[in-house]
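Given below, in the form of C-alpha cells, are the structures.
Across the two complexes that follow, chain A remains constant while its partner is chain B and subsequently chain C.
Right, the complex of A and B next:
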C-alpha cells in the first residue's frame, strides 16, 4: 500500500499572486471569520440565555495589553456550564490569545484556580449558574501575573518543597520489601490532608502569606501535617518535621482566619491542621525541655 | 543546549517512575513536561492498581486474566514480566508512602475489578491515581531530579538512515512555554517518552485537554511505528455531559447498571451471564450502547449506575470521590439517586511499538505508559492494569536507558519484525500533504549528535516562525473536525462505510491544517501556539486509529466490526503496525507472541 505525496508550492513567489498559498490562507481565514460570525449569532440567538464574562487581560510584550484591562465576552449559557466552559468558548470562538491554564476538567489537576467574582475557585468545578452575572474572572491575587489569567507558581512550589514533602522513614529495610502496616484509623487521620492538588487557592487567599513572602503557607504546612501524622514514618522524622514548621515563618504566623479552609476546593480543613501542628510542636517542646 | 544522560518526556506516573529508576541506577536524569508534574492526567485515575499480593493469588493468574482480557492480542513476554513485577512495584510504592486504603489488620485493601479471577485491585479511595502521582513526584523531589516544567517537547532529534532500525535518537527539542525559547536537549543515553493518552482525538473522553498523543506522533514521524492503534477503550461509566469518569470501583463494590425499564441489563439481556456488571469494559460498553440503540436507554442516551444499596458508610469509606464528581459535574447526589452513565473514550491500548523494556526500533528511543505498546493490553485493557503498567514498564525502561539491563528483548520491533503487508487501498490519501518533513541530517550523512540536535532545533524554529508570522485559520476548527468524525465514525460500533468516511474527513482536516496560523503574536505563554502544534499530533494518531480499524476485519476485544462478528485467529492473530515511512505511510503486520515464560497461551473463547 502506498500513497503519493502531492507537492504544493510553499512560497508566494513561485505561484501566481492570485492563487498563492498565502493569499489562499487569507481568503480561507476571511471565509471562516464570516462563517464563525454567523455561527456565533445563531448560537447566541438559539441559546435561552447568554452570560457575560469579564476577563482580566495582560501581556507584557503585546502593545495593547501591556496595561492590564478587562475584556467582556458574551457566551451562550447551557445547563451544567462551568466557568471553564465559558472561558474555553470565549477563547475558541472570539480570541485565541485568551490565556489560562487548564487540563483535567475534573478538579484533580489543580491548574485552573482563579479569582472568580472575588473568590478563589477552580474554574472547572464552579457552575456558572451559581454565580452573579456578569462573571468577573481574574488571576489569583498575591502572585505575579505572567499573562492574562496565568500566574507565576514558582514561589508556591518553593514553599511546598521547603517542608521536605516526601515520605522519608527513619529506617529503610534491606532486601526484598515486605508490606508495612498502617491502621485504618491512621490512614483516616491523614486522608483529608492527602487530597491537596497544589492549586494555590489557599495561599492566594491568605492575608499572612500576602504580607510575609517567606510564610510557608497553608498548603505547605498541610503537606508537612500529612507526613508528620503518618505513623509509618517514625518519631525521629516527626520531630524534624515539627522543627521545620515551627520556624519563624511557619505555623505560628497563622492567625486562624480560616480563609484558606473556606476556599479549598478539596475541602481540606487546613486551619485545623495548622492548629494541630502548633499543639504537637508545643507538646514535643515540653517533652524535650 | 541542555545535556543529560536520560531525558524523560512527560511527568505522569510512567515518566516519574522511569526517572526515579534511571536515577537509582546512577544516571543524570531530567524530566521535561508540558505541564507541571502534579498536573498530569495520571492524577485522574480512580479505581486502582492490580497486583497479586494475597497468598491465594499468584502472578500467573494475573497474567492469565490479562491475556484473556487482551483477547489474545497481548505478547506473552510483556504480560509475564508485568504480572511478575507488579507485586514488587506496589510494595515499593507503599514504602514510598502511598496512602493506600487499609484493612482492619493494617494490610493494603484489595477489591474486585472487571475481568479479574481474584480481588487484586489495591486502591486509595476512588482517587488512586492522584495519590500515586503525588507519591512519586514527592520521591522525585526527594532525589533532587531535575524537572523542566511547562516545557513542551515538539520534536525528537533522530538520525535519518533509511531504515528506522538503523537510526539513533540523540535528544529532543523543547519549547519553554513561559518565554517562547526553543532549545535542544541532548540525551547521552536515551529519551523516554511518557506523554500519556490521546483522548483529544475524540470529543467525548475522560482524558484531559493535554492528552493529545504527542509522544506517539513524534516517535511515529521519527520512524518508530504505532502499533495496534485501532484498539481504543471506551469506558462504560462516564458522565454524559462532560465525560468525567465514574470509577469501575463503583461496580467492583457492587454497583448495578439499569436500563430505562429498570431492568438489570447485563443479566436481563445476556451480555455477561456470569460476571454481570464486572465483565470486561468492552463488553459492558457495548451492552449499554445496545440498550440505547434498542430503545431502552434513558433519554435515548445513557443508562443508570446505582450504588445506593451499598449504604452511606461504605460509599463514603471507599467511593467518596465519586459522590463529589457526580455532584459537581452532573448535579446528581449518588446517595439519593442513580447516576447517569454512558461509554466514553478512555484509554488507548495501542501506541509506539516497543519491546518489553520499552525500547523502540530507534536506538535510544523509549516509550512507556499509555503512549507505548509493548504489547501488554492487546485488544482490551483490564481495569486496574494501567497503573501497575506504568510502574513496571517505567522502571524497566529507566533501568534499560541507564544501561543496567543485559538481557536481550524477546519482542522484536521495527521493519524486521514484519510478517505481511496490508494489501488494500486506503479510501483517502494518507500521511504528509507537503514535501516530506526531514527528520534530521541530510541524506544519511554521518552527523554528530550535536549537529543532529542543532538541525532539529532549526527545523522547529522555522516551523514556529511560520505558524506565528503567517495569516490563516484557527487550529480549533481543524481539531473539532477530527474529534467529530472520530466520535461519529470510529466509536464502539464500527462499520466499513463510517470508517472510510472518517479517513476522508481526517484527510480534509490534514489539508486544512496546511492553512492554520497562530493569531496570538506573543512569545509569552502562547497557548495558541501550543494547541496548534498539538493538533497536528491529533491528526496523525486519528489517522492511525481509523486506518487500523478499517484494515482489521474481525471482532476482537474493543474492536467491533458490524460485518465481521467473529474473532478470526487464523487471519488476525497479529499486531497492526503503522509506519510514517518518510511521509508516505505504510500499514503492515507482525505476529502475536503467545509463548510465555512458563507455558504457551492457547486462545480460548472469551466469555465473562
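Right, the complex of A and C next:
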C-alpha cells in the first residue's frame, strides 16, 4: 500500500500536505459504502415486501467458493419484478462477485436461461410474483458450471452448428437485388422454429441429452427443421441435413418426454418438430420401388 | 475454464417431484415394458415346466398341467399379481396408443391430458377387473 502512495509524490505535491490521493479515494469510497449501506437498509425497510433468493455459488479459483454452496439474499420486491431484477439487485447491493449472464433483459438474447425453482426458465421473463418464495436459482443442469450461474455453452453451440444451419439454395433470383421469395404458408410452417434464441434451456431439460453427449438435442434439431422445411432450401443441402439428423444420435434419440417443449421460453413446439423430422427421415428412406 | 463443477446425471432423477406429465409417461412406459418382458419369460418358464417330466406335452393327458395351474391359482398372491399384471398391460397399451398419436404428430399439445386419461382408464379397468380376478379366493 505504501509503495503505491510514494510512486507519484512529484505530480501531486499539493495533496501530499494533507493526505495522499489514494487515502482520499479510499475515504470517499468508505463514505459511499456507508451511504449505500444505509440506503439498502432504507430500501429494505421501505419496501412493502421483500423476497428471499437462494443463489448457487461456485468458483474453482476462489478458496472460499471451491465447494458449491447456496447464498441467501434479501431483495425488496416491487410489482413486475423479474428474477433477473432480483439477481441484479443482489449483485449490485451485496456481492459484486455474483456472476451470471444477461444482456437484453427482454427474452431476446437468450443469455440468462437459469434453473429457477426446479425448472429451466429465462430469468428476465420469469416474474418473481409467479414463483414460490424463497426463490432457488441454480445454473442450467447437465452443463459444466464455470462460475456461479455461468455454464459452459460450448457443447451446445457445437451441436447447433453440427446441423449446418445456413441456406444453400439451388437457384437464386435473376435480379441482382431480388429477394428469394417464400409463400406465406411456408413461412407459417417454419415461423415458430425461427424463434429459437439459443438459450439452451431445452438441451438442459432433456434427460436423453444428459445421458448421451452426442445427441444433437432439441435446439439443434429444431434448427435443422427450420431449414429443412423452408421451401427456398436447395434439394442437395436438404438431403445432406436430413442425413445428419437421421443418424443414430439424431432425431431417433428423442423419446418424446416433452421436457424441452415444456421449458422452451419461446414456446416452440420442439417435440412436434422432432417428430416431423422423424417422419421425413422414414419417408426419405422407405422406398418401394 | 479448465476446472468446472459437474453436477452429474443422478440429480435428474432425484428431482422426481418436479417431473412433468411427459416425463412420468416415459418412466411408466419403460417400467411397464420391462415388467411385461419379465412376465413373458416367467410365463414361458411356468408353462414349459408344467408338463409331466419325461413326456412331451401333446402325449400327456394334461392332468399335471391342470393341477399345477390350479395350485397356482389357489394362492392369493398370484391373484393379486394378476390384477397388477392387467394394470401394467393396460397402461402400456393405453400409453402405447398415446405414443402412436405422438409419432403421427396428432394432438401433441394435449399430450399431458392423454397421459392422465390413460392413467384414469387404467385405474378404471383395473378396479373393474378385481371381482373377476379375486373370485373364489377371498
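What we mean here is this: the second predicted complex is superposed on the first by the 262 of 289 C-alpha atoms of A that agree within 3 Å, B and C clash if a C-alpha of one lies under 4 Å from a C-alpha of the other, contacts with A are read in each partner's own complex, and residues count from 1 in each chain.
We adopt the following convention: a contact is a pair of C-beta atoms (placed from the backbone, for glycine too) under 8 Å apart; a residue touches a chain by one contact, two chains touch by 3 or more.
In this text, all values refer to a predicted model and were calculated from it rather than measured experimentally.
Novice: Pick one for A:60: touches chain B only (first), chain C only (second), both, or neither.
Specialist: both
Novice: Return first, second, both or neither, reflecting whether A:227 touches chain B, chain C, both chains, or no partner chain.
Specialist: first
Novice: Using the superposition on chain A described above, determine whether A:269 touches chain B (first), chain C (second), both, or neither.
Specialist: second
Novice: What is the contact status of A:191 with respect to chain B (first) and chain C (second): first, second, both, or neither?
Specialist: first
Novice: Report the partner of chain A that touches more of its residues: chain B or chain C.
Specialist: Looking at chain A, the partner in contact with more of its residues is B.
Novice: Would you sort A:211 into first (chain B), second (chain C), both or neither based on which partner it touches?
Specialist: Touch partner of A:211: chain C, not chain B.
Novice: Mind working out whether A:146 is in touch with chain B, chain C, both or neither, as first, second, both or neither?
Specialist: After superposing on A, A:146 lies in contact with both chain B and chain C.
Novice: Intersection of chain A residues contacting chain B with those contacting chain C?
Specialist: On chain A, the overlap between the chain B and chain C contacts is residues 60-61, 146.
Novice: Using the touch definition from the top, list the residues of chain B that touch chain A in their complex.
Specialist: For chain B paired with chain A, touching residues are 35-36, 38-41, 43-44, 53, 88, 91-92, 94-97, 99-108, 124-125, 127, 130-131, 134-135, 138-139, 141-142, 178, 208-210, 241-245, 324-325, 328-331, 421-426, 429-436, 470-474, 476-477, 514-515, 517-528, 583-587.
Novice: Going by the contact rule at the top, pick out the chain A residues touching chain B in the complex.
Specialist: Those residues of chain A that touch chain B are 1-8, 10, 21-22, 24-26, 28-29, 32, 59-62, 80, 92, 95-97, 99-111, 125, 146-148, 150, 153, 157, 161, 164-169, 172-173, 176-184, 187, 190-191, 194-198, 227, 230, 232-233.
Novice: Taking the complex as given, what residues does chain C use to touch chain A?
Specialist: Those residues of chain C that touch chain A are 1, 3-7, 9, 11-12, 15, 18, 20-23, 25-26, 99, 102-103, 105, 108-109, 111-112.
Novice: Name, in rising order, each residue of chain A that touches chain C in their complex.
Specialist: Contacts found on chain A: 58, 60-61, 68, 118-119, 141-142, 144-146, 152, 207, 210-211, 255-259, 261-262, 269, 271-272, 275-276, 278-279.
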